[in-house]
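Pasting a structure below so you can have a look.
Note that the chains take the letters A, B and C in the order they are written out, and that residue 1 is the start of every chain.
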Amino acid sequence: MKSPFYPIEVHDLTVSYQRKPVLYGVDLEIEEGSLVGVIGPNGAGKSTLIKTIMNMVSPNGGFVKIFGKNPKAGTKHIGYIPQKESVDWDFPVTVMDVVLMGRYGRLGWFGRISKDDRRMAHECLEKVDMLPYANRQIGNLSGGQQQRVFLARALAQESSIYLMDEPFAGVDAVSEKAIVSILKSMQQDGKTLVIVHHDLATAKEYFDHLLLLNMRKIAYGPIQKVFTQDLLQKTYGGRLTIFSEMASQAARQPEIEMEKSIS
Amino acid sequence: MPVILRIWPCLVFLFTPLCSMVPTLDAKQVEMLEDDQVWGRVTRFFLLQDTSVQIVALGSALIGITCGLIGSYVVTRRLSLFGDTLSHAVLPGIAVGFIWAESKDNIALLIGATAAGFLGVSCLTFLQKYTHIRQDSALGIVLSGFYAVGICLLTRIQKMEFGSQSGLDSFLFGQASALSIEDLWGIGCTLLMVGLFILFAYKKLLITGFDHSFSRSIGIPADFLQYVLWLLLAFCVISSLQIIGVILASALLIIPAVTASLLVKRMHTYLLVSAALGAAAGLAGSFLSFLGQGMPTGPLIVLISTGIFISVLCLRPTNGLLTQWYFSRKNTLRIQRENTLKAVYQILESHNFQNQTIRTQELMSKRGVDIVHCEMEIQQLVRTGLVTQAPTVPSPSLPGQSTLSLTPKGWEYACKIVRNHRLWELYLTNEAKYAPDHVHEDAEKIEHVLGEDTIRQLERILSNPRKDPHGKLIPSLTDMEMGNIQNI
Amino acid sequence: MPLIPTFDFYQIFLQPWSTPQLVSWNLQIIIMGILVCWTCGLVGSFIVVRRMALMGDAISHGILPGLALAFIISGSLGIGAMFIGACLAGLACNFCIEWLHSNTKIREDAAMGLVFTSFFALGVTLISGHTGNIDLDPSCILYGEIGLVPLAEKVEMSGIFLGNRAIWVMGVVFMCIGTGTFIFYRQLLVSSFDITLAKSIGIPVKAVHICLMLALALATVASLEAVGVILVVAMFVFPSVTASFFFNRLLYVLLFSFPLGVLYTLGGFHLAHWLDCSIAGAIAVTATLLFIPACLLGPKGGVCSRFIKS
């Protein structure tokens, strides 16, 4: 069953942190079932884009739609794998607890975890080869294992969209290959995946779509069309100075937005 | 409304000093505060007639300076809550010192407190190094664990024969009136040590505070300096106990330094401002407590520091809440003015610049605002001499029936704004490769921030264009001077 | 009279339970202590895993002006007014800290230190301005005296004696917080561990945070008479930190705070009996004493087990 809406639609999105623009006028429409890599230099707003889609950051302008709905209602369709640094690895939870958290969204306010939920979590852990570690505390795992646990949690969510922020950071080569093959199989099940990635060398074999981002969208499309010397140069070749300067000056004056909303 | 939302916690805060006045207004104390008495007290305080006043005022000021100096390092090194923990952790040391000397002997208390402080720091370091306990929990453990031992010992002492008249309670909240000359000497010594340490290690402290591992690599004994700082911090806390007490000792360390951090950026001015603020709070606190009779000095000093902090937060030059509000309002008015001017220009343009005047009605519909709002905007422009307003002939008294014409200054300004807008649109489409239907929104914002320099730069990049992406004319410099658009 | 009295087993452990009067008196103290430990342990577990242990410290200090104002305005030591005053002050303290932290460049620790000392100073000033004419005793609020709990007024309903008021209040607070925790355990767990996931599955993260702060203020006020504002921090931090050396699941950490609470109270009570000192202080000292072996010998991350591993 195909939805008439795009899984993720971003229109003229502008986001500022501390009055400094990070994303500026980004337009994006992602097709269902694509495996998208988000690529750009440090501070290009990759994570911010993901966070805005997840409704963790509210945009200064423009909007995000998920299956045609606003992000507040839409995020329940999204499975999110956070950046490694944002997780508290000392937290007293076991691997199984974390994966079960993926089922919480379906339980409502007072629901209890059922046998089916447990079986589901079991299967997801099996898929990522982490079943033997189910009772370990999450801090006692290697980087690749930790990443796989979160992947299992995302699988347990049974979402149709998955967002991942640098899933390969601090992960050994073997785990990386394993994760990629899981991602590909997820794509074959019709899921839409958006992955922030920093390694240009592997991007070409991992993804089928690519979003080049450097404060604004440089290009988005199938990898053969976008992965060109010219466009990559543009992405990594610094910013339009006047452009970013003016954008940050405008963002420093919130009064402009206020006046705009009045008139 | 958003302004109120943003400052309301501050209002809560503002009540802090206000509420502290409540007790002084209490019925029982009003009779005590007869006018002549108050003035008598004020003069007595400022003439420093009583020795006790001298000691308390001097002691408070000195401790303010000492804590201000050390506090600067505490706050910049993120040790604020460490100071709090340390001040609680010295309590068992004081109790042990008391038991040891069987009286309130300053030296014994100092040794006990220093030892307890040192033990507290060691426990903290141990917990952080060898266990998974996070910093906040470790601080909480040391703080409450030591404090509990202290309370047990204190309650024990009070039941022993030499403990009944100990007055050890005063260490919890301080009792400035009982400050003795020896205490004053103690404070003076601490200040001297702190001063000398900062004087000799100023540069090294600056480097270690900024980059711990780098300073070690160039041979600065960073760890040693850190320990000396902790030791001085402990001394500082101990010598302030008599005035301000265990629980609030950290306030004197934190508040003046935080206030100073809002005002200055460089370390040496930071130290000076922080010390000055500490001294001011100390003096004012001792003055108020003298005035209020029976009011505890320590909490008053803290409240005054907080009062100073709040006023600085509201009134500091660039980022103060009130100053920010003022500038924001000024900016809003400017942007509104510019938008109105632009609307006037666009109306003139829609008539192909055949008329020199426009009707208020037109401006109203162009701006999409009601008549009251529109009149307000027009008055703004008239007041700044950008527009002249004349009543129309048929019905001069009806609202919205006047005609407007731009003064030369207004014309120039309007041209500038329109020019900014259109140049930016062109820049976005030509250089940043935006779709033409996306650029208007953005230019609406950027037009207000483009400076002369950027405009010149844009013109150069775009090679002095005449038309924007929508095919409209970009007013040039000559147009501005001529007072009209040259039709080509 | 020596500092440490001789250890006499009968005197310390049996004498308090030797006559029916003593038993009924001391049992009230023990029940109160256990309830305090349980309530604070439950709230504290979440506070600690959210890295807000010092927020607990800050708020427990920060409620003081609320108590003082509630007393001044209502003119009585009624529980209702005290609860409202304390909760409002606690929330105000929390908001001030967060506002300073997010709207200025002041760091969180400095903001915390600044706000709670100011609140505390305000409270002390307000109270000492009024000590002349009322019986709001600052030292009682500060250390509390659990030994005086049996003196609290009795609750009677249509002539039937139901028990001690202080214990009833504490019990009700414990029931509220306990039920809340176990009904909304999942929501609390997710929003503490991963805010993004919590938000995306529709948990009102902000509301959860405020409720937790409210529970913190409530627990503090309720245990005030017993342990005072400063030692309450010990009750927040110690159970969950001690348990974290034995268990790696939050649920077990929570449950472990129940036996720990009983141990703390019994140990503290008898320690105080031995040394003839403040019971609340002795309970906190017992907590510290139990923490030390846990930290050294605990199987999950204890110092020895780490040492052996490496």
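Everything below uses one rule, namely that contacts are C-beta pairs under 8 Å (C-beta built on N, C-alpha and C of every residue); 3 or more make two chains touch, one makes a residue touch a chain.
This structure is a prediction, so every number in the text was calculated from the model and none was measured.
Asks: Identify the chain pair joined by the greatest number of C-beta pairs in contact.
Replies: Comparing chain pairs, contacts are most numerous for B-C.
Asks: Measuring between Cα centroids, what's the chain most distant from chain C?
Replies: When every chain centre is compared against chain C, the largest gap points to A.
Asks: Just how far, in Å, is the C-alpha centre of chain C from the one of chain B?
Replies: Centre separation, chain B to chain C: 33 Å.
Asks: Using mean C-alpha positions as chain centres, tell me how far chain A is from chain C in Å, no decimals.
Replies: Using C-alpha averages as centres, the distance is 41 Å.
Asks: How many angstrom lie between the CA centroids of chain A and chain B, rounded to a whole number?
Replies: Each chain's C-alpha centroid was found; their separation is 37 Å.
Asks: Which positions in chain C touch two or more other chains at once?
Replies: 51, 244
Asks: Scan chain B for residues touching two or more other chains and write them down.
Replies: Residues 132, 134.
Asks: Under the touch definition given earlier, write down the residues of chain A that touch chain B in their complex.
Replies: On the chain A side, the touching residues are 12, 25, 27, 61, 90, 139, 216, 240, 242-243, 245-247, 249-250, 253-260, 262-263.
Asks: Given the complex with chain A, which residues does chain C contribute to the contact?
Replies: Residues 49, 51, 183, 186-187, 189-190, 192-197, 199-202, 244, 247-250, 252-253, 300 of chain C touch chain A in their complex.
Asks: Can you check the complex and tell me which residues of chain B touch chain A?
Replies: 132, 134, 328, 331-332, 335-336, 339, 367-369, 424, 427, 431-432, 434, 438, 441-442, 444-446, 448-450, 454, 457-458, 461
Asks: In their shared complex, at which residues does chain B touch chain C?
Replies: Interface residues on chain B, with respect to chain C: 6, 9-10, 12-13, 16, 19-20, 22-24, 26, 28-29, 75, 78-81, 83-84, 88, 99, 127, 130-134, 136-137, 139-141, 143-145, 147-156, 159-161, 169, 172-173, 247-248, 250-251, 253-255, 257-258, 261-262, 292, 294-296, 298-300, 302-303, 305-306, 309, 313, 319.
Asks: Would you pull the chain A residues touching chain C in the complex into a rising list?
Replies: 54-56, 75-76, 78, 80, 82, 87-88, 91-94, 97-98, 101-102, 104-105, 107, 109-110, 137, 153
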